[in-house]
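Each of the next two complexes has chain A plus one other chain: chain B in the first, chain C in the second.
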Partner chain A sequence: MTSRANLAWLLASLLVTIAVVFFWQWIANTGYVSRVFLPGPDRAFAALMRDYNSGKLFTEMGETVLRMVVGWLVASIVGIALGAAIGISPLARTWIAPTLELIRPLPASAIAPVAIVFLGMTDNMILLLVAFGSVWPMLLTTIHGFSNVHPRLDEVARVMRLNTFERVYKIALPAAMPDILGGLRLGLTIALILAVVGEMITVQGGLGSRILLAARAFRAPDIFAGVIMLGLIGLVTNVALTALERRLLRWQPAPAH
Partner chain B sequence: MKALKGFALPILLLILWQVSALAVGIHSDTLAAPVEIAAAFAAGISNGSILRATVMTLTAAAGGLAVGAGLGVAAGFLFGLLPPLSRLARITVEVLRPVPAVAILPIALLVFGFGYPMEISIIAFACFFPVLLLTESAIRQISPRLMEVARVMRLTSVQRTFKIVFPAVLPRLFVAMRLAAGVALIVSVTVEIAANPQGLGYNLMLAGQSLRPADMFAILFWIGLIGWTLNWALMRTERKLFPFHSLRRGEE
Partner chain C sequence: MTATLHRLDRKLANTPPASAKTKGKPLISLKGVGLTFGSNEVLRDIDVEIGEGEFVCVIGPSGCGKTTLLRILSGLIQASRGTVSYRGKEQREPASDIAIVFQDYANALLPWRTASQNVSLALEAAGMPRAERRDRIAELLSKVGLSKHADKFPSEMSGGMQQRLQIARCLAQNPSVILMDEPFGALDAMTRQKLQDEILSIVSESNVTAFFVTHDLEEAIYLGDRVIALEPNPGRIAELIDVPLARPRNQLTTREEPEFLALRRKLFDFVLRYE
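This part shows the complex of A and B:
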């Protein structure tokens, strides 16, 4: 496929998206669906612009993004460090890893009530929820990456008489990098979801509490504006991490198609 | 033996928890000893409250999975068999996909109010996109040779779909279903915790808010057990139904 044909398809696909938006407007205008539920894109956009002008848009988005990123960073550090420690040691893999597998299928949001009992309806509770939920993909992918280092690389490490620290840093970490980066991306997706859930439960500001309050007040345009912003956050973070992944893994041969 | 070693740590932690609870003598609003939690769990099972809530949660999860995965498979087949369609829809899908499913919650709440339809619609939204993408890529990965066979045998497109495409994608379809089932359970509990006053998530939240830590931990444990059992059962079924799948994938 030539790049020109690709561009044509991309444009056509963009046109379809624009057509969908117009269709949405048309449906909203005809009034088949009650205006209470379905504001047209014009009203959603007006709500967005109003919040943008009053400055509320970015403060609330900032709160949500901050919670997502801080919780995710904590989870990344804990997950990668713990995952490396468990993955590098066969002993820890036998004794500790099964317990982690036991906890992993637990829906992360289920610990929200427990976190509330201990921390109250606070910012810290949301951070704990986000960190707890997003630590699992990081932890498990890191364990997987570290325990699947090619035996030949291990032999190289032995021949070169690397100590444990060097072995982790120079051999295992680069080898586990693709797994870890995949975990980081998945973790960030989960972090956004849990930040929103946490905000909905605690009503401590941010986009999550904003859209829930808007629903209680039947302000549909505000909900749609909030959902658009959340979708945008998800889209941007995903694109950014995918780009980072590609950049950091440049040295690897491209996966076969 | 190896499996037994895996259970050593959780059992040790439980014993430590119980012993320290006995030593310190916790009578708090936040923590409960394992024995109290077990008693609360037994009470919840025998008076039927836990089972009722479980049925509610699983009904919503199954309903949402059926709707979301059903639509996802249908759209995935369309996109997979008709590549131009997939290319045209690409940007629309990529724009909608990163919207976190819980963000739909307020819209669903506005449209349906509390109850099953609201929960099911959110679960369906969450399941739809992963199933769509996995189904589409499963169809893309069908060996071209199988399609040649279909052409040589002059199968009609309906015959081709049911005799060649469907059996070829079945293993990957099952994997998609397994992942979606996990998502459905997570989202159902999440929606119940965040808004919908029914099911396990709501009972968990209620136990926490009314300072009944034993009940709270009992339900938390039960939710974990359901998640684990679901995962285990689906993995096992997958291995039983498609024992050679991983081998075949290695060849491709």
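This part shows the complex of A and C:
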């Protein structure tokens, strides 16, 4: 894609955002929805500015981002390592895969009570929740990627007499990378959701607690300010992952436009 | 060392290697080799000896077991019957000095590595220090005419370029034997002839032994010292044909020689029997 086309896309998406904000303001102004439930962007923005000036905004955001990222990193390391081990050995696949299929459909929120029993209403409980929920896409995509390395590449590795470590590191891992990156992206989305859910359950600070407390006190602008921040976190992490993906997958032929 | 002497010998004597039997002790030998996949007997009673520096081509109708034979030779798969030995030892796993040029080059290259990094893989596998790799890679790429494309990914290269890259990577293994499975099958006629000549000069330069599977009868005659004709169901050796054409060969004159035409006729008749 040319940079000019890129710019056009960026402008278009910016326009859509602006249009949505205006629409939101218009709805709020007409008063169809009670001001108690739906503040306009003006009041949400005012709440944002207030918390920004007091420094509360970034403290809360920082807490949520930290939980999301740490939980996600733990999940990535566990998911990729375990996925590689399972994916590379057909024996492990037949032994372990059925158990995984049993645990996987459990909604992550269902393990929250279990995690609370063991860890209490703590930070660690949130991390466990985040890691448990986001490990699955990483694990499954890594298994998929590793078990789908083209057999010819396995033969190339054999002919060159690569050892197991070299086979994983030089052949299987890069071959599985497109799959793994997809898993990382999915996992990150889930990690953000679960970090917020965990914060709502434990009320240990962060944007989740903020939204929960604001809802209990009917402070709608604060809720919306929190939601906007969550949206921004999602946007920024996605952009960062896209940049990483571009860099790691620059060998892939450009998709035809 | 012995290889160098051998090469020198040949250069001094300046005699084209005539018949296979005069070409030193057998490097690879197959005795009574057979292979059965389930209930499907693919190969039966294959007996061949391949001498050092010899160029052996294999032809035969589709499905007669050419690829399977090559894979048995390489040690990638094991024969169900008979013995395969390489340098007098039984062939159980691919040996480090046997290189394979796969037919499907697009799958055999590492798409996430550039041309030079793909060549580098073989050097890394051989444990060559990083500092020495660079020069060797440049030398190999220039040998196959890819110097200008060193930093391209396979997806940015044409089919012919990718196949040349695979050949360069095989040469990086410093092989004594190159096994090639219809390496030029997907290429256009011009590229094909160019690569045929490149292979011939590489092989004669380094006294490499070559085992070359092809569908193309003329290609088999043009390249080979000997041609193995396989007949199907199960795959057996129908004929072992010596190619008494002088080397170096020439795309125009060699192909016009009466022996060439006679051999072509003979192989053509053979293949027609199985159409």
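One rule holds for everything that comes next: the second predicted complex is superposed on the first by the 238 of 257 C-alpha atoms of A that agree within 3 Å, B and C clash if a C-alpha of one lies under 4 Å from a C-alpha of the other, contacts with A are read in each partner's own complex, and residues count from 1 in each chain.
Keep this in mind: a contact is a pair of C-beta atoms (placed from the backbone, for glycine too) under 8 Å apart; a residue touches a chain by one contact, two chains touch by 3 or more.
These figures come from a predicted structure and were not determined experimentally.
Asks: Would you mind checking whether chain B and chain C clash or fit side by side on chain A after the superposition?
Replies: In the arrangement built by aligning on chain A, the partners chain C and chain B fit side by side.
Asks: Contacts for A:Tyr169 in the overlay, against chain B (first) and chain C (second): which applies, first, second, both or neither?
Replies: neither
Asks: Check whether chain B or chain C contacts more residues of chain A in the superposed model.
Replies: Counting contacted residues of chain A, the larger count belongs to B.
Asks: In the superposed arrangement, which partner chain does A:Gln252 touch: chain B (first), chain C (second), both, or neither?
Replies: second
Asks: Which holds for A:Val156: it touches chain B only (first), chain C only (second), both, or neither?
Replies: Only chain C is touched by A:Val156; chain B is not.
Asks: Kindly classify A:Tyr52 by the partners it touches after superposition: chain B alone (first), chain C alone (second), both, or neither?
Replies: So A:Tyr52 meets neither chain B nor chain C here.
Asks: Looking at the overlay, does A:Leu106 come into contact with chain B only (first), chain C only (second), both, or neither?
Replies: Only chain B is touched by A:Leu106; chain C is not.
Asks: Is A:Phe22 contacted by the first partner chain B, the second partner chain C, both or neither?
Replies: So A:Phe22 meets neither chain B nor chain C here.
Asks: Touch test for A:Val117: chain B only (first), chain C only (second), both, or neither?
Replies: Only chain B is touched by A:Val117; chain C is not.
Asks: Using the touch definition from the top, say if A:Met177 reaches chain B (first), chain C (second), both or neither.
Replies: In the superposition, A:Met177 contacts chain C only.
Asks: Enter the shortest inter-chain Cα distance between chain B and chain C once the structures share a common frame, rounded to whole Å.
Replies: 18
Asks: Show which residues of chain B lie in contact with chain A when the two form their complex.
Replies: For this pair, the touching residues of chain B are 2-3, 5-10, 13, 29-30, 87-92, 94-96, 98-107, 109-111, 182, 185-186, 189-190, 193-195, 201, 204-205, 207-209, 211, 213, 216-217, 220, 223-224, 227-228, 230-231.
Asks: Going by the contact rule at the top, pick out the chain A residues touching chain C in the complex.
Replies: On the chain A side, the touching residues are 150, 152-153, 155-156, 158-162, 166, 170-171, 174-175, 177, 249-253.
Asks: Per the contact definition, I'd like the list of chain A residues that touch chain B in the complex.
Replies: Chain A residues touching chain B: 9-10, 12-14, 16-17, 20, 36-37, 94-99, 101-103, 105-114, 116-118, 189, 192-193, 196-197, 200-201, 208, 211-212, 214-215, 218, 220, 223-224, 226-227, 230-231, 233-235, 238.
Asks: In the complex of these two chains, what residues of chain C are touching chain A?
Replies: 74, 76, 93-94, 96, 98-100, 102, 104, 107-108, 110-114, 121-122, 124-125, 153-156, 173
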